[in-house]
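Taking it in order: structure first as structure tokens, then the write-up.
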Amino acid sequence: MTEKIAYADDHFHDECGVFGVFGHAEAANLAYLGLYALQHRGQESAGIVSSDGGELHAHRAMGEVEEIFIPSVLAQLPGDLAIGHTRYSTAGDKALLNAQPIMVDCNKGKIALGHNGNLTNAAEWRRKLEHRGSIFQTNSDTEVIVHLIARSQARNLSGALGDALNQVEGAYSLLVLTPDELYAVRDPRGFRPLVLGRLAATETAGETWLVASETCAFDLLNAQYVREIEPGEMVRISKSGIESIHFAPEKPRQHCIFEHVYFARPDSTVFGKSVNASREALGRVLAREHPVEADIVVPVPDSGVPAAVGYALESGIPFHLGLIRNHYIGRTFIEPSQAIRNFGVKLKLNPVRGLIEGKRVILVDDSIVRGTTSRKIVRMVREAGAKEVHVRISCPPTISPCYYGVDTPTKEELIASSNTPEEICRYLGADSLGYVSLPALRQAVGDADGAFCTACYTGVYPTDLVQLEVREGSGNGTLGIGMRDTSGGLPQTERPVTVEREV
Amino acid sequence: MTEKIAYADDHFHDECGVFGVFGHAEAANLAYLGLYALQHRGQESAGIVSSDGGELHAHRAMGEVEEIFIPSVLAQLPGDLAIGHTRYSTAGDKALLNAQPIMVDCNKGKIALGHNGNLTNAAEWRRKLEHRGSIFQTNSDTEVIVHLIARSQARNLSGALGDALNQVEGAYSLLVLTPDELYAVRDPRGFRPLVLGRLAATETAGETWLVASETCAFDLLNAQYVREIEPGEMVRISKSGIESIHFAPEKPRQHCIFEHVYFARPDSTVFGKSVNASREALGRVLAREHPVEADIVVPVPDSGVPAAVGYALESGIPFHLGLIRNHYIGRTFIEPSQAIRNFGVKLKLNPVRGLIEGKRVILVDDSIVRGTTSRKIVRMVREAGAKEVHVRISCPPTISPCYYGVDTPTKEELIASSNTPEEICRYLGADSLGYVSLPALRQAVGDADGAFCTACYTGVYPTDLVQLEVREGSGNGTLGIGMRDTSGGLPQTERPVTVEREV
Amino acid sequence: MTEKIAYADDHFHDECGVFGVFGHAEAANLAYLGLYALQHRGQESAGIVSSDGGELHAHRAMGEVEEIFIPSVLAQLPGDLAIGHTRYSTAGDKALLNAQPIMVDCNKGKIALGHNGNLTNAAEWRRKLEHRGSIFQTNSDTEVIVHLIARSQARNLSGALGDALNQVEGAYSLLVLTPDELYAVRDPRGFRPLVLGRLAATETAGETWLVASETCAFDLLNAQYVREIEPGEMVRISKSGIESIHFAPEKPRQHCIFEHVYFARPDSTVFGKSVNASREALGRVLAREHPVEADIVVPVPDSGVPAAVGYALESGIPFHLGLIRNHYIGRTFIEPSQAIRNFGVKLKLNPVRGLIEGKRVILVDDSIVRGTTSRKIVRMVREAGAKEVHVRISCPPTISPCYYGVDTPTKEELIASSNTPEEICRYLGADSLGYVSLPALRQAVGDADGAFCTACYTGVYPTDLVQLEVREGSGNGTLGIGMRDTSGGLPQTERPVTVEREV
Amino acid sequence: MTEKIAYADDHFHDECGVFGVFGHAEAANLAYLGLYALQHRGQESAGIVSSDGGELHAHRAMGEVEEIFIPSVLAQLPGDLAIGHTRYSTAGDKALLNAQPIMVDCNKGKIALGHNGNLTNAAEWRRKLEHRGSIFQTNSDTEVIVHLIARSQARNLSGALGDALNQVEGAYSLLVLTPDELYAVRDPRGFRPLVLGRLAATETAGETWLVASETCAFDLLNAQYVREIEPGEMVRISKSGIESIHFAPEKPRQHCIFEHVYFARPDSTVFGKSVNASREALGRVLAREHPVEADIVVPVPDSGVPAAVGYALESGIPFHLGLIRNHYIGRTFIEPSQAIRNFGVKLKLNPVRGLIEGKRVILVDDSIVRGTTSRKIVRMVREAGAKEVHVRISCPPTISPCYYGVDTPTKEELIASSNTPEEICRYLGADSLGYVSLPALRQAVGDADGAFCTACYTGVYPTDLVQLEVREGSGNGTLGIGMRDTSGGLPQTERPVTVEREV
């Protein structure tokens, strides 16, 4: 497998949350609240487009949802329909340019789009469309969909949208707003979640349809969870009601397993299963697969808590909050020019010395990416007096990047792509290290029939990854990417073997 | 006792954190990091004053520490000395005016002050000083100290500061910066914490002295905790070294017990004892004083977690994170005009239905103030399917306001000031309610010799509360405030009695 | 001729200034200074795009040039090439959207465009291009050029630019920037000015080419005026030097006479002639065509000054600054809710009573548009004690709107389109009124061979004005616009007749 | 006379304008408009304090009046009384601190002050008051008045204000606002102007009293000019009407002659005389005192225009606008790093080559300060082709700084303090140079009885200038300042002698 990843543009790999509202006089307000609940899916920019039935009204900005959508801004987003988008993205000039929802006025009318996921053949399509005279305004893969819509011969938007989506590949949970319709669409493999909800009619409002990335957004609004948008389904909501269109033939399901491991909120139900239950189950299986004699179980907060609770319950070793998360940290933090040991981690975490001193500590976390942060945490816990530090990770080793909408570092940067668990354990300075095995992970999330994508743990990608010319390149200029690389699937993920540091 | 509390001005009752640096080329940067770690003590405004040896440089603003002290701002705070202040305060025009550190140029030279605590005779002194021609620029009680310094006949600042402090009453952990000195002072009763720390000399910096409200600020900087500033002690740090002055006769100690119950960070050592240990002990004692048959122990996050861990460990009932805290919520949140049930609480918390449904839940929280939030949480847990909800509070009923630096509502607003636990239990809609008893609280925080102020639980105030004329008032115009009211000390706080809801 | 003018969109009728730099290490700085000198041509938004040889860097904002281009902004515009644009535009959300230079990345590469003028068939082209799948991002007529470039079959940009420009009609003085070229183009009739300049090489910079709307921008930079860009000429400046391409067949010249009357700066040379000389000559001819016995000549500052100087010199009646212009007035001025007589004019002008009281005043201004302001000025001068007020206007009556880049009100709003000079004189409340005749105007600007467009004074438009469907309209939906309306050309502009108010 | 001027602090020497309103429902709006008309007196910061009868409401900011007082800001300044202040001040952190009106809450109640002028014994008083324990919040001399008021034994404010003012020396035109009164005070010598005006009652408002620095502010509001506030007079306006108090014995009048030469607006009446009339008279006398054969008279705009008009009329040489002032220039202008010849002046002025080329030019300006700008203008005019350049200045040589409220450079920086007119003429590169003589200046402004201060032209100061210790200084520490220096009064100002450049 080639080492150069030409596809790894910053702007093609984002995590995002989407929320849609149809039929409520305070549509933009509800969209704002929905985005607020989805902010763990991306908190660097946010946008809402509302429709008053005739015009679309947009506001997009860098920052967090509650900083952006102050009352005076929301007041300029009138109408009964709205879609919102929240997004993690790299900083810089282009960040705002690529903020969503995208909004255009084309021959199919006024359209706004909010997209969670990543198209794997976007670059190829962009090149073709530009060749034919299309002018792109953003660097986002999502804009390809817009141009395909504008060039479709279909007479109405649902037809043009189907045309466009049948030409793109990859992951998309997509909301489309027109002056009087809301479309909610999910790609045929169902990589990313997308759920339908309903607010009961009140004295002041009729029935309201909601669409969200996760059910926790419905909870905040006291709304009812109705069902998932199906893979390959386009739901069209308009004044004539709700209509389901299957725009593409069925394909094997490929739900993102990482949503359950880390990404989704524990209080959400994702792909039909409670996320918290998956995580506690992962902690329990971790205790069974990687037992160790120790005094306390300590989570790396906040995401490691459910698995640590599971581990403690299964093992009978007491759970304690031995690492305190610092106050919320913003984007503009300045580093001291004087080196402070473990500084980056200290900004986020501080050990409770009284709990840790003299103890054998089981440290439970949800994943190891580059390993640098985990190494600092282990060192910090040791400096706080721990006698032993046993690291337990509630998923298998992450060996391959995601091309379906989760921002991951390149393969080379993933420590597990080129190091054995023994080597990682030594690097972390831990006394032992245990990962959940892949079969146990599948079992914990309830994956009986292989409906989950586990490419990040196996390197086996469920779609063709497009061949790309390097834009600036010359000569043969093509780089294979991913290409159904089946050489991965490291054996240690198949059965649990706790590794220990060599003395 | 009179019901009207004339003293209850918003601006006299703040929570605050302070941090001081002496002898580091990046003094303002360190102050900023120290404030960052102390932000739980007040996150609505922050300020830093630095000294370059000749001039004082100040920046104060509304907002959170990391929003305010961006690199370009810190670059304008040069010098080796600095003090910082972070503060909770009510919104409005006067908020910035009262932001600290206060900075003046008077006959004793240039001085900056950062104050945690509250002076109980400030209003009286202000009236006197204004009568003599002093002009106040803020509404802060702290400014009284500045004017007393300026009017002191003492020849140097330490003398004038002693003069001033011997004339005021109440709680103060105070940092004073001059162009070349740093003073750290604590009132003779030691209401609020204040600790001394040290950064070892490095190649680029000599030894650095630090002062902080809590030890967690030292941890972030890898600094060493040296000792507490003693009650009645003024520590003067200058180029000639560190000097300890006892400016006032000894008085009975009155450490704020609420620091251990709620206010301080669990990873801090306060008044010589680990805060997390106190809280876990409170959870254990709660389990012993108020046992109940149930299925899960659920904390109200984040502050209820350590006590819930203690309760679970003592009772053997499993701990689960059954309430998920929402993403950090900023100051500008807009409420939907359409009523959403339990909306205020939903913004902060969401139940994990899968965990709670069909369970008997023990809900552990650190205190009940007005009762309105607790009531919403109980209702929310019940709506998520709980069969029973048993509320356990890790301190006695809060019956009286604090006049020593913790922002509390008026006596009338405190639900426990006029309601029995049975009444409160019924109001909350809980199946049972248990508070920790006062003796158990004292024991949990290690108070063998009555060195803690427990006025908020007893109504017995350790200082005279000044008689105040109502400013706009006429006639006899005096209102007794507090006045060693010993009628309080409700019996139920002396022994544990779990109360249950009447059916 | 139809009275409804469907074409009169705000965004199609702007005044603008453009400035280009090729070959200077501080290209953006020079562009900024050039825009500063051209700011009378449009001060509501401004933009600069620079090229570092590979990337284009853009900054556009609402506001004035010196507010927008602060040093930190200019520092982000690196490179040796730059184009700038300053613009008058209506307020509102779309104003920034339409700010120029426009920048796109299309199949012809990265291109930025700055346009002064107005295309008369833009709406028609936009409809066609959208039908074919093009997506427009702005409301600007200029974007049509970009899409025509992207769809051109030509292999290089100069070919594609020529293709595009041969398909549009109207007025354009256009700058186009690519990563390594600067194009300066003028429409075949030469409506708007565009001049070429040169900065001599220095020790730190080689020879630099400049392009500007007016010569006054060269003066600020100590640059040398080389020549006009010819009508129908495309000048391409690149590393290989300067190249002249005639992209369109010759057409009769149609220089905008209003540049000399009002729009250009008096210190500029426009269409080869000094603007100040034209204006003083207009004042002299006004004195000959409309003499009157009076005591003082008073200009309406600032634009009326040169003509007033000419009138005073020709007539021998003393010139005095009897109206003082107020301090510069910004965009955010608030009106008092209490009516103050003549308030709008008072904000701009105040009479010097001592000069005016008891005098017969000749008031010289450059034009009358709606008449409302002139009426207020006449009333104000009379209230300051003038015995008589004689209004002299240094051009003929303005009877028709401009479709070639000057923002004018609709025909109905132009007082002279439906009122005789006698009626206007009565409306103003003046004692007499005189306009310069059209032949005298032509002579004053040196127009021997009919090379000027005088459509605003005659209603005779030099191009076909396209037939437009009204987008929202109904019925047959077409409105004739302008259509070589030759019924105008009011006789009174042909020979000077001073009109007097009827008593 | 000593060369070191210890007193020349930036913050003690400002130019300012003040405006007061009593009895109008839109008091803050009117104050805003009044400040707008006075903005030539200081445009770097502005403030308004209004009273709603109980509370004072303040807003002060850096910037220009119309930038600061946008509708949302004015909406927060309710009430029927208001005072406003506009000010020129040096940039930097302290600028906003010193912005006026000053507002305090002291033992005399709530007071706001706006001050035009400069107190010459402020530093001495400040030292004394600080010694007694007063704490100053600003660096402004005006704050001394506030502390003297707070320390006065008088029972009411008018008494305390009189006490305070009898202890200070120097120039003050002062407005004082309380919740229900407006005071307008002028120092006993009457250095600075201050005038009383009246708005007639309307249907919606009763009679309104206005106070302003200059009458042009009344013109904007259609208000009636009533009379000057007399030197040594305190006018108190309250619900009981208008009351005149003479708080100090009469002293010889010392009206600032520079108000007529340059500072005031030409359309104002100052000290009872039209400013424009003074300036045209100065131009006429300049033509008589310094005639020269030449082709055109060219003003340095804008301030040189009236004198140039006067010169042209007296001499019969035609007036032309040969220098065009650039567009308004803001505060943030960036200089190009590449030297552009005469750049600083080019930003403000550009010559009209067609007018100047080959001509003998008389250049009329109002004053020469350092000479650097005049030198650049002369050079620029010569480069535009002038055959001869004759400089004429409409006042005598400026040889001494002002201590009464006009910001002037130090004596050493004033070119005329150490150079003869011959030397200045040579420095400027002019063909000849002529200043108005002092007797002619007195005559032109109508000063029959020596009621004007001419210290800037003579060095003879009308008040004792206080002896100041230099704060940071050493040695004996006293520096004589000004000290009735009568050695000045250069003979050439007494009689007109045109000087010519030596070849």
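Per-chain numbering from 1; labels A, B, C and D assigned in written order.
By definition in this document, a contact is a pair of C-beta atoms (placed from the backbone, for glycine too) under 8 Å apart; a residue touches a chain by one contact, two chains touch by 3 or more.
Because the structure is predicted, anything quoted here is derived from the model rather than measured.
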(request) Please give the intersection of the contact partners of chain C with those of chain D. (result) none
(message) Using only Cα atoms to place each chain's centre, name the chain farthest from chain C.
(response) B
(request) Please report how many Å separate the Cα centroid of chain A from that of chain B, as a whole number. (result) 38
(request) Calculate how many whole Å lie between the centre of chain A and the centre of chain D, each centre taken as the average of the chain's C-alpha atoms. (result) 64
(message) Measuring centre to centre with CA averages, how many angstrom lie between chain A and chain C?
(response) 52
(request) Check each residue of chain A and list the ones that touch at least two other chains. (result) none
(message) Can you work out from the touch definition every pair of chains that touches here?
(response) A-B, A-C, B-D, C-D
(request) Name, in rising order, each residue of chain C that touches chain D in their complex. (result) 26, 29-30, 32-33, 36-37, 39-40, 43, 64, 66-67, 69-71, 74, 202, 204-205, 216, 219-222, 265-267, 274, 276-277, 280, 302, 305-306, 309, 312-313, 318-321, 324-330, 332-334, 336-338, 340-342, 346-347, 350-355
(request) Sort out for me which residues of chain A touch chain C in the complex. (result) 104-107, 130-131, 133-137, 146-147, 150-151
